[in-house]
Amino acid sequence: MPVIQVNLLEGRSREAKRAFAAAVTKSACECLGVKPTQVRVIFHEVSKGDWAVAGTLYSDMDEKPGTSSSA
Amino acid sequence: MPVIQVNLLEGRSREAKRAFAAAVTKSACECLGVKPTQVRVIFHEVSKGDWAVAGTLYSDMDEKPGTSSSA
Amino acid sequence: MPVIQVNLLEGRSREAKRAFAAAVTKSACECLGVKPTQVRVIFHEVSKGDWAVAGTLYSDMDEKPGTSSSA
Amino acid sequence: MPVIQVNLLEGRSREAKRAFAAAVTKSACECLGVKPTQVRVIFHEVSKGDWAVAGTLYSDMDEKPGTSSSA
Amino acid sequence: MPVIQVNLLEGRSREAKRAFAAAVTKSACECLGVKPTQVRVIFHEVSKGDWAVAGTLYSDMDEKPGTSSSA
Amino acid sequence: MPVIQVNLLEGRSREAKRAFAAAVTKSACECLGVKPTQVRVIFHEVSKGDWAVAGTLYSDMDEKPGTSSSA
């Protein structure tokens, strides 16, 4: 039954998301006592211009090396 | 006042979403006792590569006919 | 496949939510071409102290009759 | 620690989002007692065909001037 | 940077959530290439009266054994 | 039109949320060009046992002073 929504910055490959969805589903079954068919994982890719940490958009951090390390 | 967010796979037509938004709003008014102007419906279209059921992305299911029926 | 999340103010009865979930699911099947078993509806009840419209919490509106009509 | 998700209609400029993210982060620090590095702001842009008020999609309102004023 | 929100039915123990959060974080680091400190996992517990599958609330399924198996 | 959802740890006072909702609404009007009545702010309070950073629940951090500073 769990519905797992993942907000992440754009740019991860299909393979990375495939592996993560499989791993999360496996962990849900082991830790939460559900069956694989009950687990849904939904990715919401967010562009760097749409995500801010400490008041600064990621797209602006790119121009200031080092500021993204704590994100 | 209800804010209704709908995560669905990409590919539904404008007409389909128009009809669903109208129907959901009507149901909200009838069942929850609100006025039409108080209801918001927001669709979040998700690509097949961003949604997994049972640990498998929909985009991978397309290559394995039959696996999507329980989604 | 649709996952439908409904944010609404606390206080609706079990019966109201039961009727709304059934109606929304029926509409999803008719409008979006999915099967009933594919539809999930999740309610998130929000207290009046946790929802603001026009910068004013609903809990504060109660003390100012008339301000909630446009919510 | 707050994670602030903003659903808004598409079309705001990078500069508008930059200013809003900075302002929200500042307000979070002042009102909620957190540090800037603890605040995340995520924008989810929604197209006019994916957002309905009063049962009508914004994309349909454009053809009916005046109806969007209460949105 | 990923923000992972988990909607699940109420009733999981603290230990179950602790183990799941740790496992998901580990998977995010391995699959998505992020650092542990960048990962946030937020659980939203939902009561059985607030979650419907196939138009039926979980709280109503309890009275009809067998219907919850496909949830 | 913006719908702003704020996930935050439980424990903020009504006054803190009142001030934040007012400030965010004001910023939305100034930065995004909307009217106050178009802005909705919804708080989702999360318990310390339901939020993890770096794979550790906040409720567990309380027992390990210093680990929460980067949250």
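Each chain carries a letter (A, B, C, D, E and F) given by its place in the written order, and its residues are counted from 1.
To be clear about the criterion, contacts are C-beta pairs under 8 Å (C-beta built on N, C-alpha and C of every residue); 3 or more make two chains touch, one makes a residue touch a chain.
No experiment lies behind these values; they were computed from the predicted model shown.
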Shortest path length from subunit B to subunit E (each step joins two touching chains): 2
Intersection of the contact lists for subunit C and subunit E: A, F
Each chain counted as touching subunit B and subunit D at once: A, F
Per Cα centroids, the chain farthest from subunit C: A
Degree value of the rotation bringing subunit C onto subunit D, based on Cα positions, nearest 5: 180
Contact-pair overlap exceeding half with C-E, pair selected from B-C, B-D or A-C: B-D
Self-contact between copies subunit A and subunit B, residue sets same or different by half: different
Per Cα centroids, the chain farthest from subunit B: F
Centroid spacing, where centroids are CA-atom means, of subunit D and subunit E in whole angstrom: 27
For subunit E paired with subunit F, centre-to-centre distance based on mean C-alpha positions, whole Å: 21
Centre-to-centre distance between subunit E and subunit A (centres being mean Cα positions), rounded to whole Å: 15
Of all residues in subunit E, the ones touching two or more other chains: 3, 5, 7, 17, 24, 37, 40, 42, 44, 51, 53, 70
Pairs of chains, among all present, that meet the touch criterion: A-B, A-C, A-D, A-E, B-C, B-D, B-F, C-E, C-F, D-E, D-F, E-F
Interface residues, subunit D side, partner subunit F - complex: 1-9, 12, 16-17, 19-20, 23-24, 27-28, 30-33, 37-38, 51, 53, 58, 70-71
Subunit D partner contacts - residues on subunit A that touch it in the complex: 7, 44, 46, 49-57, 59-60, 70
Touching residues on subunit B, where the partner in the complex is subunit F: 3, 40, 42
Subunit C contact footprint on subunit F (complex, rising order): 5, 14, 17-18, 21-22, 24-26, 36-37, 39-45
